[in-house]
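Dumping the structure here so I can ask a few things about it.
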Amino acid sequence: MEQIIVGVADCRVGHAPEQVLATFALGSCIGLSVYDPKAAVGGMLHYMLPDSTIDPARGRANPYMFADTGIPKLVEQVCGQGANHRRLLAHAAGGASMMDPQAIFDIGKRNYLALRKILWKAGILLAGEAVGGSNSRTIRLEIGSGRLWLQENGKQKELVPSFPQKGGN
Amino acid sequence: MTDTSIHLALRESVVEVLEKMFFVEAITDLAPEIAAQSPAVLVALQFDGNPPGVFRMSLARSAAALIAADFLGEDPESLTVPQVEEVAKELANMICGAVLSRIESRVTFRLAAPELVTQDAISGTVCTVETGSGMLTAGIDMETRTCSTTARSAS
Amino acid sequence: MAYRVLITDDSPAMRSFVRRVIQLSGFELSHCFEAGDGEEALDLLRREWVDAILTDINMPGVDGEELLRRLAADEMLRSVPAIVISTDATENRISRLLSLGARGYVTKPFRPETLRAELERILGVPVD
């Protein structure tokens, strides 16, 4: 097994079955994992902030710091390794409120809204997510199987589709 | 139904609709005087319920264009004015429905089709939020129970 | 699989949104028909066969509830599953619509993934 670590404001792609992409300590940051089950290619992005327009120079220097510059790059890179955009399974973790709940700017929530908006515009729906709350999270994507593992509160579980079947949500 | 609880229902509904379907984080509890300095799309819709009333929404045009583009998954430059206005009408429809679901949980309400209006003061219980690209003000004006009782006994 | 879906809503913006969700849910080979109210929907259903009907409730003319009643009363159409998409989240409305034959219910505002889950439940998960 070859573990490829995705750091903060970083993005990696894997296309060999023994590879595992992992990112740690997702607090208010978002870890986004995408995987094409047919091509067996996957990618992972760990971004910190929703919007690069606050610092366009930084957005150019490190696009992976921001949702709006990082997510399109992640998709471009996995597709460059043979993934098909239409087949991508996306999972997200993070977006927690790590600070005082009275804080005016909830970066975790803003990161999550930015994720949803950019994925919707890119034509990708989420297959599963573990977001919000106040826990730190770690995610691992197995390129061989496409399985996405979530670690939270010392426990590990597989992130499977978690959207309700009925209306009201 | 106190004005406070209607206000809470209104604010919760504005935030919920903007976040869930339009991916906008609304900054709430702004003073209404700040709003409506820039050109805005104005929507009004009547509803039957217990009590009936009118819902109105004012959305800064700058915000309306970006919100519509995000909702439809298109570029802002490619949208027509009617497309932007249709999204604004649906936004108003959803906020109104969400408010009424919260405050009239036992009664079936009916919403009329939302309409664009040119001049309409936003009265009743009002909430103003910043969408990040312009202000949104929503107001729900419900006929008081005294009035509707009088109307029934008069007919 | 290429499904045929009828989207009934008086808001063209909402019809576009729903069409996009259907396409992004893996049902991109589906054909989406659109109708602005219940009458238009019934007219279309007399000419075209569909696998599912998605309908709003508050529409001018023949509204969603009346549409469900007429579908249930029609020998051929009563087997076509209908999913209601509505702003009305009240218990009264939901239970009435389910008793009128609605097979699914999605409350506006909704996440695209929620509508996808309902479509998969009614139509089955799309297979490559």
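Every chain is named by a letter (A, B and C) in the order it is written, and numbering of its residues begins at 1.
Keep this in mind: contacts are C-beta pairs under 8 Å (C-beta built on N, C-alpha and C of every residue); 3 or more make two chains touch, one makes a residue touch a chain.
Because the structure is predicted, anything quoted here is derived from the model rather than measured.
Asks: Taking touching chains as linked, do they make an open path (line), a single closed cycle (ring), a hub with spokes (star), an all-linked set (complete), or other?
Replies: complete
Asks: Quick check: which two chains are joined by the most contacting C-beta pairs?
Replies: Maximum number of inter-chain contact pairs occurs for B-C.
Asks: What's the distance between the Cα centroids of subunit A and subunit B, rounded to whole Å?
Replies: Taking the average C-alpha coordinate of subunit A and of subunit B, the gap between them is 33 Å.
Asks: If you average the Cα atoms of subunit B and of subunit C to get two centres, how far apart are those centres in Å?
Replies: For subunit B versus subunit C, the centre distance works out to 25 Å.
Asks: Which positions in subunit A touch two or more other chains at once?
Replies: Expected reply: 116, 120, 123.
Asks: Provide the list of subunit C residues touching at least two other chains, using ranges where the numbers run on.
Replies: 20, 89, 107, 110-111
Asks: Two or more other chains touching the same residue: where does that happen in subunit B?
Replies: Counting only residues that touch two or more other chains, subunit B contributes 73.
Asks: Enumerate the contact residues on subunit C facing subunit B in the complex.
Replies: Those in contact with subunit B are residues 10-14, 16-17, 20, 58, 60, 86-93, 96, 107-111.
Asks: Which residues of subunit A touch subunit C in their complex?
Replies: 38, 86-87, 116, 120, 123-126, 161, 163-169
Asks: Using the touch definition up top, name the residues of subunit B that touch subunit C in the complex.
Replies: 16-17, 20-21, 68, 71-73, 83, 86-87, 89-90, 93-94, 96-98, 100-101, 104-113
Asks: Which positions of subunit B touch subunit A when the two form their complex?
Replies: Touch residues, subunit B against subunit A: 19, 23-25, 70, 73.
Asks: Which part of subunit A faces subunit B closely enough to touch in the complex?
Replies: 106, 109-110, 113-114, 116-117, 120-121, 123
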